[in-house]
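Chain IDs A, B and C follow the sequence of writing; residue 1 opens each chain.
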């Protein structure tokens, strides 16, 4: 696994939350919170990253995450270039590495990489010169670290604690990088009661998600939960045999108002988007008073500003 | 219909010119004119929109209008993100609204939307928080308000008045958002003599374009006209049966030098581009001394700067 | 051929290196070198082109050259718009010209054009108003002037001279704009011994590349060479009959360590990228101690900064 820290202990890459310490996560959340502004207020702007260049390498041109990273970088004064590239480790990874070496030679300071193939961000990170950082913008089913941070930040904003919380993660956990990064973050930050609820084919294999409980029915997972994280059905990652029918899935696993009533009255509802409304979540829940789904988006740009500033300016100032 | 004005009377959205008052149109044209510079001079630059974020949502990546809005925003100091998205009101508009709520949560101040489906910009505008503006970049066959403003500005620059002018609109009026917005602007500004000239299948239905005269022959429409607006044959909007053959269309409806001679000697020739040269307009007319087609492009960016500045900075300063 | 210089002798367009004088090339190289920074250092940044607008017109969205031009412009303070357009001289070039006239009317100062059709950059340049510049970003098989400059700069950095050098150009020379621009630059700058080595179908026709020697075997071309420029097999430009099989090509023409040993011990290895590793070049040579391939990339952005600054600010200051 690629080392994420510099020899001085500062954060160089962000590929996964799994190996970060609780103190590092707390530091990133604190910095993220400083970039949060209420809806309608001006977003924070600075020149902290003036003269720096960020390259967004996404396989699709128009994801929300790309826009979030792009605006985060621009609001810190950095220059941004977007590349729509299909990285791939085939052919011994050589042509992929040629592409990233080119960006390095163009004096790019950080590469944000979203890729459908596991291992690509780490492979890139392992080959770049020491002054270049890699931020994962979502890696296959493996990891989505900025999403995990924004989920943790969203929980903390509403609960002001992690200890003692019960969090239910519902849906297609097996194929979800979002679930994995949320689990990494929340468990490290002190959430002891994480519940995984999904039909058998969508639950992760047994040796994953250590410390979480597994639920074959939604009701037991939701019981007195403080937060419910609903996942998107990742149809594109499923073989046909696994693919649940939308209507039948909603009947058994969709988060409705009735089911949400099983959770604590102040439970929050989260979703990483894009939502399949009427499949994994009812529209009135998605738009209801317990939904913090739009907060997650706002927190996402705050987290990305914090991470960019951390990796590009923290060198040498860590203990 | 979505309200375009804030409670204080200032302009929040620009979806259509139809409901704007003459005073509002004149104010926008005056502000637009202040951004006009001659070819070869430096364009105006300011930081009036520093700290603001504009998102361009276009279904195709490379339209002239997208570039015009993008440069208008950047020259006022705003940050711009481009998204290539296919908005659609299907599925009760929910997934479309999730996309725009995401942009709102990212602290985007204005969305420029071009969409092939009528009603989309208004639907979006009706759902966003009060501090977010929507500017139409062209809505189906319905409306193209910045085009209507630039057309009016182009006429005014050359004629220094609207009253007493005769304007001929020629070609595929039925499918044209350009014609509708020009009609809204020019009639409200005082052009009483607006002539629609097209083959029967391309004329609008009878209850549209109130106050305009209809011409089944080009000659009567051009007679002593002060301005001739030639429209693009919108082949992509036509069913096969409607589709005129290019050569035959040119023979009957193409604007040639001979036909242009029927208009006033100082008549101006306009076209919204892209042109089908040799179909709706002869090349020597498009490039001739009476053509103001390139002025329209320059006026377009001036209009978009004016509109962006108006919606993003006028709050509270209107009477 | 379109004139590249203004009446005062300053550089207005950069379409080809063929007609530039040695003094002009040296001036551009000198300016380029001033923008070179070592890997890991901050790239040079200025506001020399503040208020200027550069449009990148590339037929594909994500080429390295587009990113290089985009960052070059941004680091000089210019605004950049990217357009993905398929220019074409069909239909008498009229619709292509309408597109570029539109950009001119939007107060764009320079157009960077990459096109697969020979003659397009020159045709555009010949029609624009005098204050607008065209920079070729690669024109069919004809010309790639910024690549030729970066190749010359790379050679000079390592050899500190041009006179007396032997340069071998190896591979698909017939279809290569890179080879043509390198030949233009290097021969004008004083490299007398330029060797072309390729299988017969990939050698240029006889009346091209005056002054170069032709080699039917790699060994004779490499003998005591100071620099070896390996070209990409341009499979997309070849008809099937011409297309060499990759493995057989590598066996006969691939640059291996053994073959490179025929050149001088301090010979440098160059490649314009993207590389077909294992076809025209062995991976251990591409990544080996004699390779300057990544330097070429860094030099590319320096050259593009120099050229942009030259064409946009040199007016009137040339003798």
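In this text, contacts are C-beta pairs under 8 Å (C-beta built on N, C-alpha and C of every residue); 3 or more make two chains touch, one makes a residue touch a chain.
Quantities reported herein were computed from a predicted structural model and do not represent experimental measurements.
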| item | value |
| --- | --- |
| Same-residue or different-residue interface between chain A and chain C, half as cut-off | different |
| Inter-copy rotation, chain A to chain B, in degrees (Cα atoms; steps of 5) | 120 |
| Centre-of-Cα separation between chain C and chain A, whole angstrom | 41 |
| Junction residues of chain A, two or more chains touched | 61 |
| Interfacial residue positions of chain C with respect to chain A in the complex | 37, 39-43, 45, 61-62, 64, 67-68, 70-71, 74-75, 273-275, 277, 283, 294-295, 297-298, 300-301 |
| Touching residues (chain side chain A, partner chain C) in the complex | 51, 53, 55, 61, 79, 81, 83-85, 91-92, 94-95, 98-99, 101-107, 129-131 |
